[in-house]
C-alpha cells in the first residue's frame, strides 16, 4: 500500500511542506515519513504533527501517495517533483507543483494561487477551481511554464499562463483577466470565457476560447477557419477528461493576431457561434 | 429600483486636512459618508441632495448620503466618494496575487433608501 | 513443393536493408488524402531510378488518425539514412504541402531515430510558421493560401526491408496478369508492407549490371524473359511464356514474409506454372525469404 | 575594540612590508597590528594556512540609490540565492546585487574587509550612507559623482577655477565622500537634454556648455591634485563599452600629464577597432593600455574583469545602459538626478560563446597578465557590472593557474580568443602578487595607509586562508577573518556581528563658496541648500582620511 | 498665543510624498503647537496645525492605561510567541524606525509589509517586470516641456506637485515656467486638477490599460483598432495627436497615481505606462514617476529593499527574505486569516482595508504605534502613543523620487518615537528568543517564492 496522509490537525498558519514529493518519500515507512520536517509558520515541525500517516512508500523509485483533507493552508506540495504521482482528496494551498519537472499531481478539489509556476514538465490536474497565477512566471521573471500540462476543470483567476514559453494550460471553466499575458509561446485553452485583456503583450503562442470575447485594440482579425492542430489538441483534452464538444472539434474559429505592441506573432482563436 | 453604477474611491484635500485632525473626528466621519452622484442619475432615481442611498457589492453594503454633481464633472453612471470606513464595506479581499484590493471603479448596486416621513 | 498445382521453387527472395519512414496523410475527405499519397508515392518504384521507393500501406479510418480525419499511411524507403530526409522533404514539399486540406503525421512515433522533416519544411512559412506541441509531439503550422498546412516536426526512421519479391511464372500473359492481380489484392492493406511498382506489379524484372553497357546499373532479367529462352541461360521452366514480379518493401522481414505468404497463395491459380524469386546468389542482400519455408510458416533465417 | 590575538605558524603575505610567504607571528592588540601580544592572548594556529591583510575592493557598486533600484528590479535574481540569518547575523538575499547585510557578510566571507562604492550622486549620498550603515563588518566609503555636475561645469566654463576647486571640495566634504568620480564626462547633458544623444569624442561640445570632455577632465585632475586627496580623480572614460574606444582611453590618460589619476575598470575601455567583416566586434586593446600604464607611474587602474554568468549593468553612464538594454532582456532602468548625474541599469548575462563577451573576458585577463606593476593595475570586476564580487576566487584562480585558464579558454568563443592576445600569455600570478592586487595595491592607491598591510599600527583586518592547490576553493572561504582585531569568522562561521567604519575625506574649502552655490540651489534644485549637506548622524562610525593640499597648479 | 516663539526654517512636511523641505515654521513653545507653516500647501498647513500634543496614555493594554515599558513587554511577548506575525505600515515614520521594524521581522521570522502594497505596490510589481525610466523631481522642474498626469488628482492630494516641481516652476531649460510646458491630464472624471491641463483626456473607467496599450502601439507605428474610441472614450485621432506631441517634445514626464493601481488591471496598468515610457525613449527623453502618498512610503520601499532585496510583502519565516505579493501582503494575510499577530506601525488599516481583512484584525492580537487614536488603535491589544515624525522626531525620509531628506523637528513630544519603542521591543524579543530565531530547516530554494 502506498503512503496515505490524512490531515488530522489543520494548521492555523501556513504550513510549508515541500517534502511532500514522491522522491522525498521514496522507500519510507509511515513513522519515517511522519518525522520529515515541515515549516509551520516560523518554526520547524514534524509532518506527523499534522498528518496521520499510513501505509508504506512504494519501493524502488518514485511512487504514488495520497493526501486527504482540507490542505488549503499547506503550501509547496509537490514542488520540484520529477516523477511519481500525488493524489490529493481535498483542496490544496499555494505553489502546488511549483517548478516541477515531471510526474503527475491530481487534485480532487480546489487549488490556491500559483499552481505549477515555472514548471518544466509533468502534469497537474485540478478537478475544482484554481486561483490566480496558474502556470505563471514568478514576479520579476519573464518566463512562466516551460513545459508540461496544467488542466483545471473549473475556473482560474488572473494571469493564467503568464509568460509561458511552452506547454499547455487548459481551463474547463472561465479564466480571469490577463490570461496568457506576455506569453512567449505555448497554448492556453479556455472552454469557458476569457476575462479581460487576454494575451496582452503576447509574442507568440495560442489562446483558444469557445466564447466570444473582445480583444485588445492591438489585436487584428485575420480569418475564420478550422485550424487543424486544434483537432489534435482538443482530442488530447478529451483524453485528459475535459468536456470537449464535437462542435468545438469540428468548428470554425476566428483567428486574431497580436499583440501588435510586441511581435504580433501570437494568435487568439475564438470559436464561431 | 436599483441600478448598477461604477464607484470611484479617491481622496480630497478636505479629507486630507480632516485626517490631520483625526479619523475619529466628526468632520472626517461626515466626509467619508457622502457619495457624489450625477444629478441626472439622482433625478431618475428620485434622489435629491442628502438623500440616503444604499450601495451594495457581493461582499457588503453601505448606506450613504448623496450629493449631486453636474454631468461635465461626473458622468452618468459614475459615483465618487473618499476612502473611509464606508468604502471598506464594499471592497473584496481578493488581490489577484498583487496585494492590492480593488478600491477604484467598483461595480455597485445603487438603491435609494426611503426615509421615514418622506411619504413616497 | 506444389501449391494448388503450382510449383514453388526451392529458392529465396533476396532483400536489402533500407531505411523506412511511415507517413500518415490525412485530409478533409479520403479522396484528397489519396491524391496526395498517389503523388507522393508516384515515381517511387525503385531506388535504381527514383532514389526512393514508396507506396500506400493502407487506408485509415477517421478514428485511426491523429486528427480524426480520413487518411492513408504510406511507407517511404531509401537505401541510406542521409537520403531519406532529403527525399521526404522534396516529395512532401511538392506533393502533400501542395495538396488541398491535407496534413502529414509521423507513423513511427516511438522510433528514436528522428528525421527533421517538418522542421525543414517549416521554412516554406517564411518566418510566419508556428510550432505547436500537443502531448509530447511537436507540429509545425505552415501558413498557405488555403489556410494552414500541419506537419509533424520529426519523423521516425528505422531499418526496413526493400526488395522482397516473388515471380509468377505463367503459361501466358493473361494468366500471369490475373495471378499478379490476385496476389496484389491479397496483400493490399497488409500492415508494414507496400508494393512500390505500378499496381504492385513489375514486368521488367532486372538483373544487376549489364552484359554490354558499362554504364547501366540494371538491365533486363534475361534469364526470366521468355523471348530470350533460346539465346540466354534461361531459368524458365517449360511452358512458361510470361513472368510478372511482385516487389515488396516493408518495415521488417516478418511483415514481408507474412505478405508474401498471402500473395503467393493467391497467385497459385490456374495458368500459373511456378512461383520463383529473384536473388543474387545470396551475396548482396542480408534478407533471404525462402519461398517454401514461408509457405510452411517457418521463419526466414535471421538477417545477416 | 577586540581583544588580543596572536596568529602563529601561518605563512604571511604582507607585500607592503616586503613579507613574501614567511612563517611568522602576527599579533593584534586593541584592533591594531602590534609588535607583540600579551601571554593570555587568544592564539590562532595558522599552520598550513596563509595570512594576508583583509581584502580591499577599490571599485564596486554596493550601496546607494542606483544599487537599490537594481536590487528592487530583480526579485527573480534573489530567489535562488538566499542568505539565511544565523543567531548573530541578519538574513538577506544574494544574486548579482545582494541586500546590504548579505553584501557585508559575503565580502567578509571572502576575506575582504574594505570596499569602496564607486558612484554615488551627491543628492544620493544620504541614501548611500544609510545603506552603508546597514552593510556589516567591512569598512567602506564612496566616490561622489561630479563629472556631469552643472554648477561645476558653469564655473569651469567661466574660468572660475578657484571657485571650481572650492566647490569641488565642498561637494566632496558635505557628502562625506572619499574621492571624486567622473563618469562619461559630458554625456549626461546630451542624454537628458538632446534626445538621448551621447559624447563620442573628447572634443565634442557638451550640449549648451562651452566645454568639451577634454576640458572637463583636465579641470578635475587639476583641482583634485591641488586638494591633495588621498585617492585622485577616479575616471570612467568616455566611449566605455564601444568598439575602438582604446584611442579615447589613451587620450584621456594623456590628459593626466604626470599627475596621479585612477582609471576605473579599464577592461571596458580597452577595445580595439572592429575586426573582420563585423562592424562591431572589437579586437583587444589590452596591450596598448597595459603598456601605457606600465610606462606612466602616475596612472593607476583597476581591471574591471568580466566573469561569465549573470551580472547587472549599473552605471552613471546612462546612454551606455540604454545601448545595452537591447541585449539585456525585458528590463531597463534609467534615473536622472537633477544637475548631477544620469544612471542606467540593465540585468545582463555574459555568455562564453558570444564573441563580444568572450573578448571582454580575455581583455580583462590580458590586462592582468601584461601588467608589470601589480601595485597600479589592481583587482576588480566592477561588481556587479563585470560579474559579482563572489566570483573573485575564480578570477584569482584564472590568474594563478595557467592550466585552469587554458581549460576555460577552450570553452569560449574561439574567434574572439584568436583576436585577443591571451593565447600568448603564460604568466601565473604568485600569492604575493595576488596579495598586492587584492589588498596592498588598492590600499596604497586609496591612500589608506593602515589598510592592506600588517605592519605595526595597521588596522587589524586579517584574513587566514587554508592553503589549497585549488585557489578558487582556497579564496572562497577563509578559515578566519579578523576585523578591527575582532574574530568575526572562526572555522568558516560567523561568531559575532560587526559594524565597520565609514572612510571619508573632508578637504578644506573657502566658506565663501557657499554664497556661490546657494543661489544655484534655490533656482535649480528641489531641495533646500540648508538641507543638502549630510550630517554626522549618517556616519556613526567613521574615520576621516587626511588630505594634503598643494598649491594650485603645482605639478609633482 | 504666548511670546515664547521658535522659528524653525527649512523644515520638512511629511504629509504626502512630495516631502517639501522648504517649510519655515513658527512654533509656540508654550502651547507646543505650530502656529505658522510658511510655504505649506493646504494639506501641509493642516498637518502642522493639527499635530499638537494630545493628552493620551503612553500605552493602552487591552484598553487599560499602561506605561511604555509595560506595553513593550506585552508587545514583545506577543511577537515572540506568534507563529506568523506580521509587521505592517511603516510609511509614516522615519527610515530609522523602519530599519528597526524590518530587523524585528527578520529576528522573529515574521513578515514585513508596508502601505505600498495597497498604494503603488502594483507599480512596484510593474517595475520588476519592465523597469522604469525616471528622474528626480528637479529634472522635471528643469527640463520637462511635456508633463502628463495620469490617474491622479494632485490639486487635492499633492498640491505642490504642480507649484513646486512639475507645472508652474521655472527651471533651467524652462525659463518661462508653465508657458514652456505642455500639460496633459488623464482621468476618468473632472477634478480640481483638470483646469491645469492643456489637454484633458477623459477615459472611461477601467480603460486606462487599453488607452496606454494603444499609445504604445502608435508610438511603435503599429495598427490600433478604431474601436478604441467606443471602448475608452478617446478617439484614435486624439491618441495620434498625443503621440505626435510626445515624440517631438524634448523631455517628457509622466506622473501617475493610484487611478492606475487601484483599479482592475492593477500592475498591468502601471506596467503599460512604464513600458510606454521606455518605448518613447527611442525618440526622445521620457521619464515616469509614481506619485506617492504617505510621507515616507518611499523610504519604506528603500529600507525594505536594501535590507531584504524586495520592496514590500517580505516574509522571513524560513530564515531568509521571500517576496510574493498576494502571498505575503497584508490584505491577503488578513483576509485569508493566516497571520496570528500584527504590529501596525503608523498606519490605520482598520479604516481602509477590505471588510474581510478588518474582521481578522479583530480576532488577533494587534500592536499599534500611532500619535493619534485611530480605528486600528481602538481595536489594538497594545496601543502605543508616539511622537510625530517631522514634528517632534528627527530622522530621514525619502521623497517620492528617492531623494533622502533629514527632518528638522519643531518641538519635543513627551511621547517616545517609533524608533525608541521598536528598539525596546527588538531588544526584549531578542532576550526572549536568545538571538535571532533560526528555523532548523534547510532553505527550500526551488520552492522559495
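Per-chain residue numbering starts at 1, and chain names A, B, C, D and E are given in the order in which the chains are listed.
Criterion: a contact is a pair of C-beta atoms (placed from the backbone, for glycine too) under 8 Å apart; a residue touches a chain by one contact, two chains touch by 3 or more.
Given the structure is predicted, the values throughout are model-derived calculations rather than measurements.
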Chains contacting each of subunit A and subunit D, listed by label: E
Centroid comparison with subunit D (C-alpha atoms), farthest chain: C
Chain with minimal offset from the mean of all protein Cα atoms: A
Higher-contact pair (C-beta pairs counted), D-E versus A-B: D-E
CA centroid of subunit C to CA centroid of subunit E, Å: 76
Centroid distance [mean C-alpha coordinates] between subunit D and subunit B, Å: 57
Subunit B-subunit E separation of Cα centroids, rounded to whole Å: 24
Chain centre separation (subunit B, subunit C; CA means) in Å: 80
Touching two or more other chains - residue numbers and ranges from subunit D: 73-76, 79, 330
Sites on subunit A at which at least two other chains make contact: 113-114, 132-133, 138-140, 142, 177
Pairs of chains, among all present, that meet the touch criterion: A-B, A-C, A-D, A-E, B-E, D-E
Complex contacts: residues of subunit C adjacent to subunit A: 66-69, 103, 128, 130-135, 139, 141, 147-148, 150
Of subunit A, residues touching subunit C in the complex: 166-168, 185-187, 204, 206, 223, 225-229, 231-233, 235-236, 249, 265, 267
Subunit E contact footprint on subunit D (complex, rising order): 63, 65, 67-69, 71-76, 78-93, 95, 97-102, 123-124, 126-127, 130-131, 134, 150, 191-193, 195-196, 322, 330-339, 345, 523-528, 530-531, 534-535, 537
Contact footprint of subunit A on subunit D as seen in their complex: 73-77, 79, 329-330
Sites on subunit E touched by subunit B in the complex: 15-16, 42-43, 45-47, 49-51, 113, 117-118, 121-122, 125, 153, 155-157, 159, 188-190, 192, 202, 205-206, 258-259, 261-264, 266-267, 312-313, 324-327, 329-332, 334-336, 348, 351-358, 372-375, 378
